[in-house]
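A, B, C and D label the chains in the order they appear, each numbered from 1.
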Amino acid sequence: MMNYSKRKVAGLSLYVMFLLVPIYWLLNMSFKHKEEVLSGLTLWPSNFTFDNYITIFTDPSWYMGYVNSLIYVALNMAITLTVALPAAYAFSRYKFVGDKHLFFWLLTNRMAPPAVFLLPFFQLYSSVGLFDTHLAVALSHCLFSVPLAVWILEGFMSGVPREIDETAFIDGYSFQRFFIRIFLPMIRSGIGVTAFFSFLFSWVELLLARTLTATEAKPIGAVMTRTISAEGIDWGLLAAAGVLTIIPGILVIWLVRNHVAKGFALGRV
Amino acid sequence: MAEIQLKSLAHSYEKSPSGAHDYALREMNHIWDQGGAYALLGPSGCGKSTLLNIISGLLTPSEGEVLFDGVVVNHLPPQKRNIAQVFQFPVIYDSMTVFDNLAFPLRNMKIAEAKVTTKVHEIAEILELHPVLHKKAKNLSADEKQKVSMGRGLVRDDVSAILFDEPLTVIDPQLKWKLRRKLKQIHEQFSITMIYVTHDQLEASTFAEKIAVMYGGQIVQFGTPRELFENPNHTFVGYFIGSPGMNLIEVETTATGVRFDGIDIELSDARNEMLGNIPSTNIKVGIRPEFVHVWNKPTDGAYECDVQHVEDLGTYKILTLKLGEKIIKARLDEDHAVPQQKAYISFPEQWLKIYVDEYLIGEDLV
Amino acid sequence: MSKVENNKAWWLVLPVFLLVAFSAIIPLMTVVNYSVQDIFDADHAVFVGVEWYREVLLNERLQESLVRQFIFSFTVLAIEIPLGIAVALMMPTKGPMASVSLIVVAIPLLIPGNVVGTIWKIFGRADVGLLGWGLNQLGIDYNYAANPLDAWVTVVIMDVWHWTPLVALLCYSGLRAIPDAFYQAAAIDRASKWAVFRYIQLPRLKSVLVIGILLRFMDSFMIYSEPFVLTGGGPGSSTTFLSQTLTKMAIGQFDLGPAAAFSLIYFLIVLLVSWLFFTTISEMDKDK
Amino acid sequence: MSLKLDNIDQVVNGQHHLTSVNLSLEPGSFNVLLGRTGAGKTSLMRLMAGLDKPTTGKIIMNGADVTGISVQKRNVSMVYQQFINYSNLTVRENIASPLRLAKTSEAEINKRVMETADMLRITEFLHRYPLELSGGQQQRTAMARALVKDASLILFDEPLVNLDYKLREELRFELRELFKARNAIAVYATTEPNEALALGGTTTLLHEGQVIQSGPSAAVYREPVDVHAADLFSEPPINLIPGDVTDNEVTFDESVHFPLHQDLKSLTPGGYKFGIRPSHIGLVPSNDDDLEMSMTVELAEISGSETFLHVKNSHFNLVMQLSGVHAYRSDATIDIYLPVHKLFVFNLDGKMIQSPTRLIRG
């Protein structure tokens, strides 16, 4: 029998393979010519090519999909953090009329299926002239990212003793200066994880993003359907497009890697 | 039942320690008798936690041996050592009731449920945990939680030593003395070796029959609370025990005794002779503030000094005096008249200790 | 220390309140409005009471899709939660491998749903996908596009692939937060590996698991892109879940009234299940 | 500068945290607030700092009403029980931060930071971050930040509780020295009578949100106004024994009798509470008329240089404070001697009638 830690390593390796093999396959596919894809199965590209990537990077209707997605995701993260930080501070530090109800109500919004809001959002944003803008998608995603952000940040902020705030005020800090110079750095794990979650849910969501846009702010997810044409699917191109959507995610994980272990406990363990 | 022995034990966290400063524990030999109540006392960073972890088996010493009843246990994990440990912060199984917490070690040993029940009730009785026996452990107060973690050690018949790691840290000040009394009672009732680690002299001296004072990775004295007070074996013990600690003055030897800042202190011939044979120049004399004699007016054999400060602590007063360039503290009883500006002090020779290279010498000569 | 009473704090939560009110209350009111009216055009609408609700509740296609949704959500939870815990237990806590394994495990989380669909669509095909090809080589007749069971299994595996990392990361942080003293005490009490898991690790993971289960329940209940990209909800309607049914109804057929009634019922189900789950968990903590 | 609290009431959620507090603090004075946990010490300090507003009453600084003035404008500093530092700033920046906010010149900041760090002996840690330091060093950092800016009011809320006792002893001593040269008002909250005595200055006793006594520490200690004051300002707590006085005899708890001696002659017959300090009870008689009692030892607590003996008999529990180290087994039987000339006498409402140092004139 293997010892305990060897079994762990073996188990984890199996799981990592389960995670990575499909991604490898996508990568493999993305470096193949159309002909090679159709001619049968090969474990690695026999005729390595960047053509699929070149197609994407030279065609604005392709690469603008990425740009659009990144813009609304960034907007969403910015709006989410801007509004959620002060709100979470209020919830963690003060009692006020209706605080508990408000907090609970915020969380229930996170439970709403995006499909429910599809039509009303479409009408709402059309009526205020925001249809097919990045802002519309970002705002609609806020409905899901803000409640979670407030909740996560509140947990982290409650972990910082209130005496820190008071000491700062006694030292002469104004509220704004204290908040930015002292408080935010102290909860940076929380901010990292909140940003991570905002990115995650906005980046992976397609239903609302597709419905609220037409051409100007069309997300990459919607652009990818272009690979399906009368002659069938261009697998190589589709795979390359897919690979490119994974890269921003890996960058985000890289940025928050030091906060993940602490941050994912969400300040509540 | 265990006698715990340390044989040439030393520990370094470095892979290849290059000198004394790389050791968390310096080489030591020590014996704790079976059934005794002991304390390991020292400031943070003195190595007492390292030593505790080595005894409990959480850490394997890099050099030397730990013996339980003469058997080397260096490589035995905690579960094979028949010990129990109470940690600084209460460690309880949150999701279980108090009863299940106490029963847990017994059930792990596959003991019959009927026996488990009797045993748990017996221990709960002693620890006064009966009223909360069926409550969830997470809902208890800190002192109850500590009792539960102690109880998990006491239920086992095979436990021969209980180790306490600053167990009263999180207990309300008003409840501390009750728990101290409980600990003492338990020690008197069970014949279990108990080792209590703390930085607090009150806790150590109240609990233990003998205290090992640790400093810089070494046990600098092992003695009863009274010995630590009256005969500190090392300057650190003098400083650390007592409030305020011992007055320690660097001196040089003369023909008739010792001298500092132009002030001569005469010593017995025997002591002078002894000092004459010592090559070291690191010589200190020490006297506890309690033993300094204080007069209001010039007295034979007393040194004149300036009164710098009088601290009135109600039941006694602490005088801060300046003798030569040195600060001397003296303790006066409540009824003792307080000298103004000038005080006259003397050092009774029986209470004047001599330290060479920080260690006490020549006690037999007084 | 207790919180200070201060109603000025409302100024701090006001932006959130306005933003969420704008994105939630106004649309929800529209939905409620639609759900009780029959709308012909912009100026003509008739109040129809609970008519749409009755129609939706009696609609067999929706009922089937609801049952399918529940089976799906419970299946993925039943796999993802234990698997996530297991992965968290296996992940190294120290050394350079700790952060490498963290990053690798997190990767699937950040891949858009439709790309996940794409990955598995390619991976599972018999002609160009390693999985489909491999299974067929082994003599298993696997074809997600034609066989409902295969499609169903693929969607489940896809969701497990995509979201188990979330549970694993939550649990990993939870495990890291357990002080060493607990493990030491357990060793002294001679607890078995299983007892350590059952009485130390699991109870301490409770709060993160509650979050994990809630998030996974809500999000699996809203699944849309993955099955849509894989088979478009087919074959037949074997992988058509609530979101897709609703989308089809609202945007595809423009049945505003029934779609609105359906939306509200949908929302209420999520709320109700989450609330039930949460109350049960909180009850468990109390002394009898 | 002087500070005056004028008839302060603080009510939070219907609970009285402070009731009619009147207090006047002199410039350059060191004031100890002594009281149990929950007595209102922290509430009072928060009002002085300007962190909270009193429900009614006025806070007057230098003759000016500052009741509603925000904390930023008050020139106060505060040190808490927890080690509160800005964990994202180095020790140097922590200490410099109040000066930077006051727009002090860089040269002046450097000078003052060095001076203060020197005083608190943390110069070698200036480039480190607070969380890398030991508890004592963290608290020194917090103190340095409070002391660096020349505040006119410095508040210490049990700053030493979380430290080792030797460190506590040292810091207490340093603190007293630091304030000798200052003209600021220092307010120091503690639950420990010995700390109040060691710090000197004046002591204000707080009990359930009310000031029960205030004055020079040693005087308050010797002349407690009532049972609460005596109990608060005694560690271990003062022993209280119910007793009856007749024309010629005192009876303790219906069990011990002794003749009414000269000091107690002026007491009118009736019920009283008698107090005796733990340090006054002895193992050997100090006077011919000492009461001899046979007691059972419950626990001997030893603090290195003294022993607290908890003893009891079937009628009452007593605590004795003995100097030196005395080991006793629990359940040992010993004879103790209670000097009847050192009794405090309280009436049944708890008011002090006489103390050993201040006899009532009959």
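Throughout what follows, contacts are C-beta pairs under 8 Å (C-beta built on N, C-alpha and C of every residue); 3 or more make two chains touch, one makes a residue touch a chain.
Only a predicted model underlies this, so the values are computations on that prediction, with no experimental measurement involved.
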Between subunit B and subunit C, the fewest touch steps amount to 1
The pair of chains with the most residue-pair contacts is A-C
Rounded to the nearest Å, the gap separating the Cα centres of subunit A and subunit B is 56
Per the C-alpha means, the centres of subunit A and subunit C lie apart by a whole-Å value of 16
Cα centroid separation, subunit B vs subunit D, in Å, comes to 27
Multi-chain contacts in subunit A, i.e. residues touching at least two other chains, fall at 161, 163
Contacts from subunit A onto subunit C in the complex sit at residues 4, 8-9, 11-12, 15-16, 18-23, 25-26, 29, 37-38, 40-41, 43, 79, 82-84, 86-87, 89-91, 93-97, 99, 102, 106, 108-124, 139-140, 142-143, 146-147, 150, 161-163, 199-200, 203-207, 211, 220-221, 224, 235, 238-239, 242, 245-246, 248-250, 252-254, 257-258, 260-266, 268-269
Per the touch rule above, subunit A residues touching subunit D in the complex are 161, 163-164, 166-174, 177, 182, 185-186
Note: in the complex, subunit B contacts subunit C through residues 56, 58, 77-79, 83-85, 87-89, 91, 93-96, 104-105, 108-109, 135-136, 138-139, 149, 152-153
So, in the complex, the side of subunit C touching subunit A is made of residues 1, 3-10, 12-13, 15-17, 19-20, 22-24, 26-28, 30-31, 34, 83, 86-87, 89-92, 98-99, 101-115, 118-120, 122-123, 127-131, 133, 161, 165, 169-170, 172-174, 176-177, 193, 204, 207-208, 211, 218, 221-222, 224-225, 242-244, 246-247, 250-251, 256, 259-260, 263-264, 266-267, 270-271, 274
The residues of subunit D that touch subunit A in their complex are 49, 51, 70-72, 76-78, 80, 82, 84, 86-89, 97-98, 101-102, 142, 145, 149
